[in-house]
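Just below sit the structures, each encoded as structure tokens.
Two complexes are shown next, each including subunit A; its partner changes from subunit B in the first to subunit C in the second.
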Partner chain A sequence: MSEEIKKEAPAKVKVTIDGITIEVNPGTTIMDAARMIGEEVAPPAMCYYSKLEDTGGKCRSCLVEVAAGSTADPRPMPKLVASCRTGVMDGMVVKNFSSERVIDARNGVVEFLLINHPLDCPVCDQAGECYLQDFTYNHGKEYSRYKFVKRTFIKEDIGPYIQLHMTRCIMCYRCVFVADQITEKRVHGILDRGDRAAISTYISRAIDNDFSGNMIDVCPVGALTDKTFRFKNRVWFTKPVDAHRNCENPKCCGKATLWLRGEEVYRVTSRRDKWGEVQSFDGKPGWICNTCRFEKKKTSDWVVEGLTTIPRHSVIGANKYKKLVVPNDPLQEVMKGVQPKLLMDIHSISEVNNPAIDLSTIMGPSNSNDFKKAGQHEVPYDETIQFGTRSDKEVEE
Partner chain B sequence: MQALTHRAKQVNRSPMNFWERLYLPAIFQGMSITLRHFFKRKVTYNFPEQQRSFSPVFRGLHILNRDAEGRENCTACGLCAVACPAEAISMEAAERQPGEEHLYREEKYAARYEINMLRCIFCGLCEEACPKDAIYLSETFAPSDYERKQFIYSKQDLLIPHPINEPEEYKKALGNRAKPEDKS
Partner chain C sequence: MSKKLLLDKAHIDGIRYFDVYRREGGYHSVEKAFEMSPAEITDEVKKSGLRGRGGAGFPTGLKWSFLAKPEGVPRYLVCNADESEPGTFKDRYLMEFIPHLLIEGMIVSSYALGSNTSYIYIRGEYAWIADILEEAIAEARKKGFLGKNILGKGFDCEIVVHRGAGAYICGEETALLESLEGKRGNPRIKPPFPAVKGLWNCPTVVNNVETIAAVVPIINDGADAYSKIGIGKSTGTKLISACGNINKPGVYEIDMTISVEEFIFSDEYCGGIPNGKRLKACIPGGSSVPILPANLLLTTAKGDKRLMNYESLSDGGFATGTMMGSGGFIVLDEDQCVVKHTYTLAHFYRHESCGQCSPCREGTAWLDKLLRKIEEGRGEMSDIDLLWDVQRRIEGNTICPLGDAAAWPVAAAIRHFRDEFEWHVLNPEKCLRENYGLAHYADPLHIPVAN
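Our next item is the complex of A and B:
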């Protein structure tokens, strides 16, 4: 009997989201239907990740209003529903950005997410590509009204490649699903419950699986960050280019985004699509292995395809030049081979971007020892400069 | 021809008369204007000896702030550098190690911080962008020099004197900005 009903069910169901109607397969969620229409109507997602099974329903940032349940029962749903977990019905009318209730609820969700978030964006490596940052600035206030002591954790080392900042975590469970579905063995999970819930490796076991680095990419906040990139540079000062290499690992797609600074590869991530998720190649999500991500930090390891397209609103696109090929400088011909006289070589005085020190090759964050090794050249400064003439060394003494 | 503006003046090309050909009256007229200025208020001042006071909102040479315990405020977040329209600011960050807590306020700090004063246009956007109260534009300007390299200001040049280790210099740098409780 049930099989017969299934056969009779329409092949496509009609759903209207923010006034735009689309026909989708039955069983599609509202979120996926909205994403099929486009970015204008897609609800924000902090925990839902289409490339991972069973994600969603945790952060409540994708709440939508269902104005009419279906053609058969056009009553509105009494409460806002999580669009990533609610399937569409034929004739369903969904209000997303057009509903004041939804906007108001999301502003509330922002405040709840920020209750325990430390808001240490100036220190956090995720700043600039953080979905919580985007979500907060798009909805509600960019500051927290919460005045009480925020939850803190004992700092835990989860291996040489990944830095865990539990205070920044919003409990989206994405990284747990990555470990469950992409890597072969999960050695980390969520321990404790409620307010004390924390991502942890059981008995501080290091995450050494070959695909564990993908947890960094799925993390919507700065809770899991790349330790090899830690504090090296800000995201918006690095230049993202698409590149690929032939990875020996059969499960690794080998297509990645390199974050360059000059010729140095500061960071390697998987490529992102417009939803902030990993891009699919031939229908398969393009996860990359830890070798590609953490060990291939040379431009010669990769074949650079071109500049990554960055959304206009993103700070990452600031001061980037679109052309990778430098146009021919006619000065040489005009001057008949005479080199222009440089009035000052910046490296003779500047200590930033020292050619003797490659920050990208240092494993883990650089510290004061790395900068001492590079050899601080003492520069005689004019005594008339008003503020401070001391060097770092004197301060330490 | 119609004049484009109302300020256009027709030049008198008629030949000079006897009075004008004497020249001397015109010279005396010019000298009288010069002499009158001897007794007027001077608009210039003798710069190094005499200095004008700066307005409190003057945007001059940058300083890097320390907190009350003398720790550096800057966390090398890069917001000043990204806000800088002249791209004058560059920095390199490092992680604070155990034992360096008295030097830097947060776990990340600017190991290198440079401002190219030749590039800087003193717009004050860095001060506006700073989330950590770390960079301010002071009421002074960069001293002139014959060499370019003197205008690359490193972190040591920009940091304010240590309030505990160098109270004298700190007080001097504070100037009339000192709060009443600081004066006691």
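Our next item is the complex of A and C:
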């Protein structure tokens, strides 16, 4: 009898990710197991969205190396695998940030994603909460080797509330899955193929349903933006607070985050968890309806619960701590009131800050070598200063 | 003269029609198969050593035995006739001239796998062949070889011809299944494999046209007779579609014992290179396999003669070898430009990438632009290294093998013909007027001049 019960309860499987071992239920993906351990080992995810079925596997940013397949078959997997769509096996050993191959592959993925991305972060509404910014910051290089014309699209209004800026899109397919899984009818999809593939409604049809606004929330980049919020404010100037209201729509969760500046509600979004995904309430994802999102823009419409918890690394938390006590700088006391000049001096000795060289004559991104070549500010190489020229006698002394 | 199993009757007048085909011994394998159990047929295919003829060369019997068989769930056999690889046209020939061979193979395979509805997914551009197949299916149904209770043995089978809409990616088996279901032809993420969750989430086997046709001689002659043809793990015969700079382009059926040299230069096959020119390079298995210069093509790195079979062609790995692939044999003579050739292929893969995963969507376009730049004489030395780096980061990091297929030809061209790329960069004007020529790629053997 007891044996039968043992069979019914699924045995936990052990998986080691970056040297940390965890026991999870069979059928869990590597990504979910890594997220259970914590943010330090969770691979980046651009297209995977745990609240939507069938997402993932497309952006290749979550590639990991499987150093040992399982206890039964400890051979390593020959290729890097997408952690969001690969299930764990008992005794699997996964290398994530500790693998050079993974870091190199992700570096390639960043480069590929950015070659056709406009990099217009200074005017993009998503800046500050953009997955691509985070991913590039963590895994990218500071320059691009792509020297061709970027692919561009014309901006398109899809419905009264959403604007589609296809040039920024990274083809994660999340908005397609949202339309498939939480709205009644999908009217947009992918047209064409290859690098010409585009999200579109084909004949500029409006996406008209009560939950279309959630497409904006799931979009990892600034391709789908809220027209009621476009260019109104930067996210890091606004103050997010959790709020709820009794929504008439039975499918709407009614729990949202209001983004305030002063008393004015600039935008309403669904609540996010620490992976940037919509929070679940009672086991169901807390999608909100378009009425809550776009129509209810007064604080009187909502019952405010309190400040939203923002991840510590997020730029949204900047400038929010007005009462922070800044400790006295001991340096000034030591220097008897003289201001340290470190930062200012860098400019006067830098080779790059050379007005004699016209930047427009330099092909491509400039670096210090370009300025050295011009012969200005070049320090003559002194042959007398060499390592290892001291005599033994000096060493003994 | 090598033994022919598939095309031996292809030249007979009217073999396209049921009556002539039946008179020549057609559909005998169906009668024979119905005397055996499905498991026996699978065993027979396993014993024959038949390998998938679509390109990957995976053992067919093994693939069949992986098919999940849950109770009450239908199983499907899908024939992959979406032959879109540049240089490959063997299935087209087979379906156009002896369509009943494919239908016969489909019935036997369907019986072995327990598929009551089987599909032929045919490339949309082969519109007239789809008509030929449908006519053949109608004839077979009329004669009682398809439909309900075939030959009174209690097995039902229908074959449906589905036309593709012009996408190379739909030749990838999971993209093919998506397309067959009426969706956008994006490859699925594996696992689950089609053998477990394929068409409409049911267990499915996807096989190439030639693979299914090869089941007919295996059942007719027996696995032992079939496995005696060929060498080692390359058993049976293989259709090779030869094209490029040869005297006699066309589809040839070979047993896999002849050498590459014999295939190119003997009058029985390609008949040598026209106008007395010399061999420069060759892609032996369709556009996605690595290109090889003549010296490595005719002899392996160990100095053995290279033979036309799976093992010998892949001898030496990608460093000095290539792959059998799907049998699209493209020959380049001394006047061909490898850079231009590689650019053409890169352009094809850019056009055909489905755009689902980032390395392939962006990477294939980048390769195309870089190669065009070099080909048009605007290239820089750093572009060659960049090409290498881009292909390296596409390969193996994509959902389906199209990324690999786009990366391999570029990698092989740079690996073996780097000096030609460099010559293009160093001579931006000259490369538009002249070709780099043979250089040191020439094969060291005496070349018999044809004609």
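Keep in mind that, in the parts below, the second predicted complex is superposed on the first by the 306 of 397 C-alpha atoms of A that agree within 3 Å, B and C clash if a C-alpha of one lies under 4 Å from a C-alpha of the other, contacts with A are read in each partner's own complex, and residues count from 1 in each chain.
The rule is short, and it goes like this: contacts are C-beta pairs under 8 Å (C-beta built on N, C-alpha and C of every residue); 3 or more make two chains touch, one makes a residue touch a chain.
Because the structure is a prediction, the values reported are computed rather than measured.
Q: For A:N328 in the superposed arrangement: first (subunit B), second (subunit C), both or neither?
A: neither
Q: Examine A:F231 and indicate which partner it touches, taking first as subunit B and second as subunit C; both and neither are also allowed.
A: The first partner, subunit B, only.
Q: Scan A:C121 for contacts with subunit B and subunit C and give back first, second, both or neither.
A: In the superposition, A:C121 contacts subunit B only.
Q: Who does A:S300 touch here: subunit B (first), subunit C (second), both, or neither?
A: So A:S300 meets neither subunit B nor subunit C here.
Q: In the overlaid three-chain picture, which partner chain does A:I190 touch, first (subunit B) or second (subunit C), both, or neither?
A: second
Q: Based on the superposed arrangement, let me know which partner A:N246 touches: subunit B (first), subunit C (second), both, or neither?
A: In the superposed model, A:N246 contacts neither subunit B nor subunit C.
Q: Looking at the complex, which residues from subunit C come into contact with subunit A?
A: Within the complex, subunit C contacts subunit A at residues 167, 169, 184, 189, 191, 350-359, 361-366, 369, 386, 393, 396-399.
Q: Mind pulling up the subunit B residues that touch subunit A in the complex?
A: Answer in residue numbers: 61, 63, 75-79, 81-82, 87, 90-97, 100, 103, 106-108, 111-114, 131-132, 138, 140, 143, 145, 148-150, 152-162, 173.
Q: Residue numbers of subunit A touching subunit B in their complex, please.
A: Contact set of subunit A toward subunit B: 120-123, 127, 230-234, 236-237, 315, 318-319, 343-344, 346, 348-353, 359, 365-371, 379, 381-382, 384-392, 395-396.
Q: Can you name the residues of subunit A that touch subunit C in the complex?
A: Going through subunit A, the ones touching subunit C are 56-61, 63, 78-80, 82, 85, 87, 104-105, 108-109, 111-113, 115-116, 145-146, 148, 151, 170-171, 173, 189-190, 192-197.
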